[in-house]
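Okay, so chain A shows up in both of these, paired with chain B first and chain C after.
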Partner chain A sequence: MRRCLGPLVTLFAVLWLPAAPPAAAQGMPRYGGELIFAVPSEMPSYDGHRESTFALIHPMAPHYNTLLRIDPMDRSGSKVVGDLAESWTVGKDGRTYTFRLRRGVKFHDGAEFTSRDAKATYDKIVFPPSGVASERKGSYVNIEAVETPDPHTIVFRLKFPSASFLSSVASPWNWIYKADILEKDIRWYETNVMGTGPFVFVEHVKGSHWVGKKNPNYWDKGKPYLDGYRALFIKDSAAQVAAIRGERAHIQFRGFSPAERDSLVAALGARIAVQESPWDCVLLATMNHEKKPFDDKRVRRALTLALDRYQGSQALSKIAIVKAVAGVQVPGTPFATPPAELEKLAGYWPDINKSRAEARRLLKEAGVPEGFAFTFKNRGVPMPYEPLGVWLIDQWRQVGLNVRQEVAETAKWFADLRGGDFEVAMDAQCGYMVEPDLDLYKFQSGPTSAAPRGISDANYTRQKDSVLDELYVKQSRAIDPEERKKYVREFEKRLLDEEVHSMYTLQWHRIVPHSARVKGWTVTPSHYLNNQLDTVWLTE
Partner chain B sequence: MGKYIVKRLVLMIPTLLGVAVLIFFLMRVVPGDLVELRFAGESAFAQKENLDTERARLGLDQPLWKQFLVWIAGVVRLDFGKSMWTGAPIIEEIKLRFALSLQLAIMATIIAVLLAIPLGVLAALKQDTWVDYTVRIVSIAGLATPSFWLGIVFILGLLIVFKWLPPMVYTPFWVNPWQNMLQLIWPALAVGYRYSAVATRMTRSAMLEVLREDYIRTARAKGLWEQLILSRHALKNAMLPVLTVIALEFAFLMGGLVVTEQVFNLNGLGLLFVEAVAHRDYTLTQALVMLVAFVFIFVNFLVDLAYAWLDPRIRFR
Partner chain C sequence: MMAVKPAALGEIPEVAERGGWRRAVLEFCRARPLGAIGAVVVLINILVGLGAHVIAPYDPLATDYGAMLARPSAGHWLGTDAFGRDVLSRIIYGSRTAMLVGFACAFLGATLGAVIGVTSAYFAGKVDLLIQRVMDIFLAFPLIILALAVVSILGTGIENVIMAITIPMIPRAALVARSSALAIREMPYVDAARAAGFSHRRIILRHMLPNVMAPYLIMLTAYLGQAILLEASLSFLGLGVAEPTPAWGLMLRGAAVQFAESAPWMAIFPGFAISLAVFAFNLFGDSLRDALDPRLRTQ
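Right after this comes the complex of A and B.
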C-alpha cells in the first residue's frame, strides 16, 4: 500500500496541472470592470530591479513589460514567449542572443520605446553603478556585453553558453525602464512609475491600496480588457478571506491554505473558482556541516531516511500549503525527476520501515547514541513552517532522536542562518520561475562562475563540494535539454542522496480560490508570474 | 498655574530624551537586520554585495554613537528622517495613519464614555439590585472579551447575516462621512465596549466611595435636590480616577490597536508600528515610540490640568 502512495501523490500533483480549463478556453473576453485583489504585504520601494518581494510584483507588474515573458496561459510556468521582443535568434556558438523589438510601443508619457531603453535597463540590472543594489545581478554574470545595433534590435553577448538565458530574460522582475530617466537619476524608479505596460499608474496610498487604470495606447491592440485594477494591502489572512467572501476583493494571487479554500468554497459555492498548482517554493531542513555530528554524512543521511514523505504529504496537505513529494524541481515541469526515479533516493524510498531501520543503523555506526538531542531552529511563521517543523521533529523522534525546537522571529532566524548559529534549521527556497539555475544556485560552494567569491550567499549548510559545483556549471551550460536533464538528476542525486547536504521536505502547494467572475488568469507554480493582467477580464 | 504648566512642559524634555536613548539602543540590540530582511525576500537569500551597498547608503556602517547623534539632531529639529524600509519621509508615513487612529480613538472614547458613565452611576445608585448585577455582568464580560475577538464576531456576523463586509479602504470623514462611518463604527464599537467596561467599573467604585462621603450626607441633610447632589457634588468628584482611566486608555488606543486594525484591515498606527518593528525599520520605530511617548506624557499633563477644574482643592505648586 505504502509503495503505491508515493507515486500516486506525485502523479496526482503532475496530473493536476492540465486539470483546470486554460484561460483561453474561458469564453469570449468582456471589456470593462475593475479587478480588485488583495496583496498580503506591501513593497518597500517601486524598483523591480532592486526588490525581491511578490508584494511589488502583484500591484506593479501591470505597469510594465519585459523583453520576454512566461506565457500567461502556461500552467507549468516555463514556456517563454515574447513581450517587448517579438522574435529572437541564438548564434551558433550559443553565446549571442539577438532580440528584435516591437515597433510602436510607447511609454505612458508618450515617449517611444527603443533598444536604448532596453539596454539602459539591462545595464542597470547587470552592471549597476557603485552604490546601486541590483537584487538579481548574480543571475546575469555570464553577460559580457549588451549592444544595440539599431533602435529595434538588442544583442546580448555571453561569456559562455547558458541554458537558462532566455528564461532569465523572461524574469518577471526585469521591467523595462526609460533610458532618459535612468540617465538623469538611476534611483528615480525607486519612488516613481513609468512603464510601457497595459495599465497606467493612478495612485498608491501607503498601507492601504494601489490603483491602476487601462492604458488606452497599449501596443497589444485590444488589450487590456479591464478598465482598471485596485490592489488592497491586507496583511491578515483572515481579513483576506473575509474580503473575498464579502466580495470586497475578487482574488488574492499568492494563495490560501486548504482550510481557507474550504471555507470560501462552502460559503460562496458556485460564485468561487479554485485553481491549484504545485508551487515553486519548498522548505528544506538544513544541517550545518560545521557542527558535529552533522559533518558526518551518515548522520545527515539518517535524518532524511527518517522522513516518511509520502505519509507526510497525505496528512499535511490537509492542513498546510504543502503537497507533492518532490526532488529539486517542481513536479510536472521539464526537469523534474519522475516519481519512479525519485524513489531511489534516500528518504524517498517507498518502504519507510526499511528506511528507518537503515537510519538507525547509520546513526549507530556514526556513534550517535539513542536519544541524541539537538536543536532545530524554525522560523516563527505559522504557514507552513509550523506544521512542517512539528512533522520533522516527530519523524526524527521515530529513529531515536530527541529534537528541541527553537522558534525565532524572521529577522533573528535569518541572521542565525547567515551566521551559522544553528545545528539544523528550516531553510526556504522560493523561485520566481521554475529554472534549475535559479533553484540550485543556493548549494554552490564555489568558486565558480556563478559564485565567484567561493561560496553562494545562500549556502547555509556551509558545505564545500566541488563535484556538486561542477555539476551545477555543467547543467547550466548544457544547451541540449536532455543533456541538461541528465546533469540535473546527477546534481539531485549527489545533493540529496550521496552527500545529503540538505533535505527537501514537501513541495508547497499553491491554492488560489477566486471569484468566478475572474477569467483569463491561469495559476502557475510561481506567485511571481502572470501578474501583468493584460489577459484578465471580468464576467458580468 | 502658568508656572506649573511651564514646569511640566520643560519636564517633558528629559523624559522624551530618555525614551529616545532607550529606544535607539534597544533597537540595535535586538537581533536581526533591516537590510538582510529587505533583500532576502521569501527565499532567505541575499547577495552580500547588495547588503554592504545598502548598509552604507543607510548609514548603518557608521559607529553607533555617530548614528545616534545624526538622528537626535534631526529629532530636535522635528525632522525624523526617512523610513529605512520604504525611503519615504517618516512624517508622511505617520500622517497617513494618524487621522484614522485619532478618529478611531475618539469614536471609541465617545462610545466608552456614553456607556460607562451612566451605567457606572446607575450601578452605584442601585447597588446590589438586579440593575447593579446586570451592569457588573456586562462590564466584566467586556473586560474578559478581547476587542479583536469581538471584531471577528462582528465581521462574521455581518458576513453571515447580511452578506456584507465593511469597506476595506479608509475614506476620510470630510470626504464621505457615510463611507467613513460604515468602516469605522464596527472597530469603534469593538474597542469602545472593552474600554467602557474598564471605565464602568471605575465609575461605579468611585461613585460608591463618594456617595459615602460626609459632604454628600450633609448635602442630603440640607435637603438639596438629589439630582443636584449627584451631578454637582458626587459625579464631579468621582470623575477624578475615571478621567485618568479614560485618558490613559485613549493614549493607548493611538498606537496599541494592532490586532483590531489587522482584523478590520485598518491602515492605522498600530499596524505601522508592528510592521516597523518586524522590518527592523529603526528610524520609523524610533519615531513611533517617540510619538506614543509624547501622547502619553501630554495626555497625562492634560489630566493633571483637568484635576484642578474638577477639584478646586487641588492647588498647583
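Right after this comes the complex of A and C.
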C-alpha cells in the first residue's frame, strides 16, 4: 500500500494541477522581480547567426529583436507576428516581400535602428563572406536580393515564390545586429552583445551565470515586466531539478524527463506548474562520408537497419524526453509520412529480425568484419543525448559492431562536427516551427574537404548530394500541398533510405515544470521560441 | 668504504630468507587484523576484476527493455538499471575498470614520482631547485581540480582518465621520494658508487631507488584508493569513462540520479562497491605504512 502512495500522490498532483493557462489568461502582469532560470549547457559563441544551440538562445535572446517573431502566446508556435517589422506586404508575383519597420527603436548604446541594420544582418545570414559561418543560410537559398528603399523599409526579392518565407523571417535566431559594427568587424558579435531587445547585457561569468537587466528605453512601452533575469549554467539535470525544487531557480526552458517532472510535482505540489508539448526536435546519427567505411552506403544502410525504433520508442519514452517514431516531419503534421508508409523505409521495417539480418548481410558485403570498432561522438548534454547514445551503441552491437563512445562538451562537439573530426556522431535537428523548408534545409549539400563551401553549413555529413538539393528546391517551390508532399517524401526516401546520409532516432516530447510564480510564458513545440522574456512576469 | 657495501647488501636477502614471506604475512595479519581484512577485500576485488567474464551472471552491456528498472530478485540479484542491464554484472565488470585505473594510476604515479624525486635529490642544486618549483606548481592544485583540468584538455575515455589521475599524483609521490632520497644521498654506499665511477643513471636506479622502496610501497597502496575514488568522481561528473563501459562512478550518474527514489538499487550498490574498495585500500595502505615505517613499527 505504501508503495502505491508515491505514484498515486504524483498522479493526483498531475491531474489536480491544471495545465498552466495560456499566458494571456494569467491576469494583470506585475512589475519587478528577477527571473532565474537554469541553462543545461553553455554557448560556444555569442553569435545567434552562427550557432544552433539553446545554450545560446535561452540566455541571450532577451537582448535582441528579430524582424518577425512567433506569437509568444501561441501554443502551436506557428502564428507569425511583427517584432521590429510592424507590417508587411507580399507582391502579386509572390516573390517580393516588403516590411515596414518600427520607428523609435534604439540599440542598447543609444543608436537608432534603421533598415540598414536589418539589411546588414540579413546579408550576413544569407550571403556570409568566406570564413564566416551562417548556420541556417541553407534555409534562405531562395533569397535573390535584400534592398532598403528607405530607412524604415526593407524588401526581400525571392528567386521563386515560397510559402514558408514569413516563417523563415520569424526565425528566433535572426537577431538584428548593428550595421556599423558589422561593417567594422563582421565577427564582433561572436564575442560581444549589442541589440535592441527588452533586456540589456550585464555580465557573463563562464561556467556560472549570465545576467540581463531591464532595458528602460525598450520600444514596446510598458514592457518588459521583469527587472532583470539571471541564467544559471547547470549542466547536471539532477542539480537543475534540485534548483527548482529548492526554489533557487524558477524554470529551465528546455525541459525535463518524465521522472523529473513527477519528482518536482510530488515535492512542490501547487507551487509547480507543468506545461507539455510535442517537440520539434530529433537526434540524428550522422555518418562522416569522408571516413571509411562510412563512405559506403551499404554500411550506412546497415547502421540504420540495426535500429529497432519501435521498441526503442516504447522503452526510452519511460526514461527520456523522446517518444514517437518519425521521419523527417513531426508525426501528425501535414507533411509527415503516415506510419504505414514510413515502415517501407530502411530502419523502419516492422520486422527487426529481418532488418538486422539485412544489416549483417550488407556489412559483410561491404567487407566490414564482425566486431568492427568505431567511435561514436556524443554531446555532453545528459538528456536525451546520454540515453539515446547508450541505445544506439546497443543497437549497433546487435549487428556485430563494437562501438566506443566519446563524449564532448558542447563547444568541442560542435567544433568536431564542423571540422569533420568524427566517424559517427550524434547530431540534432530542432526546428523553431514544423515546416519542411525549416526542417530539411540542413540536409542540402554541406562542406567537404574538397569543397569547403556548401549550401548548408549545418550539414555535417561531409558530402554533397545534388539530387537532394534539387528535391529541396522543388518542395520549397511547390505551392500545391499535394505536390509539395510528394517532393518531401522523395526527399525523405533519398535521405533516410537510398543514401542514408543521416539517420533519425526518435521524436522528442517537451515537459516544462516551472515555478507557479512564473506567468506570461507559454510552452511551444520548440525550445528555441519564447525566450525574449518581454511578456514574462512573476507573482508575489 | 668498500667493506660497508657488501655487508649492507648481503644482510637484506638473508633476513628475508630466514623469516620468509609466509611468516611476514602471518605476522602482518596478527599485528594488524584490520589491514589484513583490507588486503583480503583488495584481493577479492582483483580476482573479481580478473574473472569478471566467468563470474558475472549476465553480459554487462546486454540490454533488456522488458526488465527496465527491475527490483532485486532471484533473476537479478541487485536489480537492473534503466536499460534493463544487470546491476550485479555491471558492478563485477566495473571492478575491472576500477582496478585497471587504480593500479595503472597508482603504479605510474608512484613510479614516475619516485624516479623524479630521487633524481631531484641526487643531483641537488639547481636541478633540484627547478624540479621542486615545477612540482610546487602542480602541488598548488587540489588533486581533483588538476585531474579535471587534464581530462578537459585530453577528453574522456579510459586512457585519458588514467593520464588525468596519474599526472597530479606524480608531484605528490616525488615529494615523498625526494625527502627519503635526501638522506640516502649522503649514505657511504652512494659515495662509494660515485667513487667507483658508476653513471648517474646506475646510481639512481640501482643504489638509491631500491632504498626508497618502503615509502614507494606506501604511496602505491595509498594512491590505489585515491585513484579509484577519482575515477569514480570523474565518471560521475561525466568526464571519465564513457557509457556503455561498466564503471562504478558512471553507474551513479544519469538514470541512477533520475530514479534515485523509485529505483534506489541503481545507486546504492555501486556506491557501496566504491566505498568498500576505497575503504579496503586505505585500511591496507595504512597498515602497510605502519608495518614499514620504523618509527611506527613498535607502536
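Everything below uses one rule, namely that the second predicted complex is superposed on the first by the 308 of 540 C-alpha atoms of A that agree within 3 Å, B and C clash if a C-alpha of one lies under 4 Å from a C-alpha of the other, contacts with A are read in each partner's own complex, and residues count from 1 in each chain.
One rule holds in what follows: a residue touches a chain if its C-beta (ideal position, glycine included) is under 8 Å from a C-beta of that chain, and two chains touch if they have at least 3 such contacts.
Note that this is a predicted model, so its numbers are computed, not measured.
K.L.:
After the superposition on A, what does A:270 contact: first (chain B), second (chain C), both or neither?
P.N.:
Neither chain B nor chain C is touched by A:270.
K.L.:
Output check: A:238 vs chain B and chain C. Expected answer is one of first, second, both, neither. What do you get?
P.N.:
both
K.L.:
State whether A:281 touches chain B only (first), chain C only (second), both chains, or neither.
P.N.:
first
K.L.:
Specify the partner with more touching residues on chain A, choosing between chain B and chain C.
P.N.:
The larger set of chain A residues in touch belongs to B.
K.L.:
In the superposed arrangement, does A:28 touch chain B (first), chain C (second), both or neither?
P.N.:
Neither: A:28 stays clear of chain B and chain C.
K.L.:
Between chain B (first) and chain C (second), which does A:406 come into contact with in this model arrangement: first, second, both, or neither?
P.N.:
second
K.L.:
Just which bits of chain A does chain B share with chain C as contact spots?
P.N.:
After superposing on chain A, chain A residues 235-236, 238, 409, 412 contact both chain B and chain C.
K.L.:
Touching chain A in the complex: which residues of chain B?
P.N.:
Those in contact with chain A are residues 30-33, 36-50, 53-54, 56-57, 85-88, 92-93, 96-97, 152, 155, 158-159, 163-165, 167-170, 262-265, 267, 271-272, 275, 278-280.
K.L.:
Would you mind writing out the residues of chain A in touch with chain B in their complex?
P.N.:
Touching chain B: residues 44-45, 51-54, 130-135, 137-138, 190-191, 205-209, 232-236, 238-239, 242-243, 245-249, 267, 281, 409-412, 414-418, 427-431, 442, 453, 457-458, 460 of chain A.
K.L.:
For a test of understanding, state which residues of chain C touch chain A in their complex under the given definition.
P.N.:
61, 63, 65, 68, 82-84, 152, 155-157, 238, 242-244, 253-255, 257-259, 261-262
K.L.:
Under the stated contact criterion, what part of chain A meets chain C in this complex?
P.N.:
6, 235-238, 257, 259-260, 263, 311, 314-315, 318-319, 378, 380, 382, 386-387, 389-391, 393-394, 397, 404-409, 412
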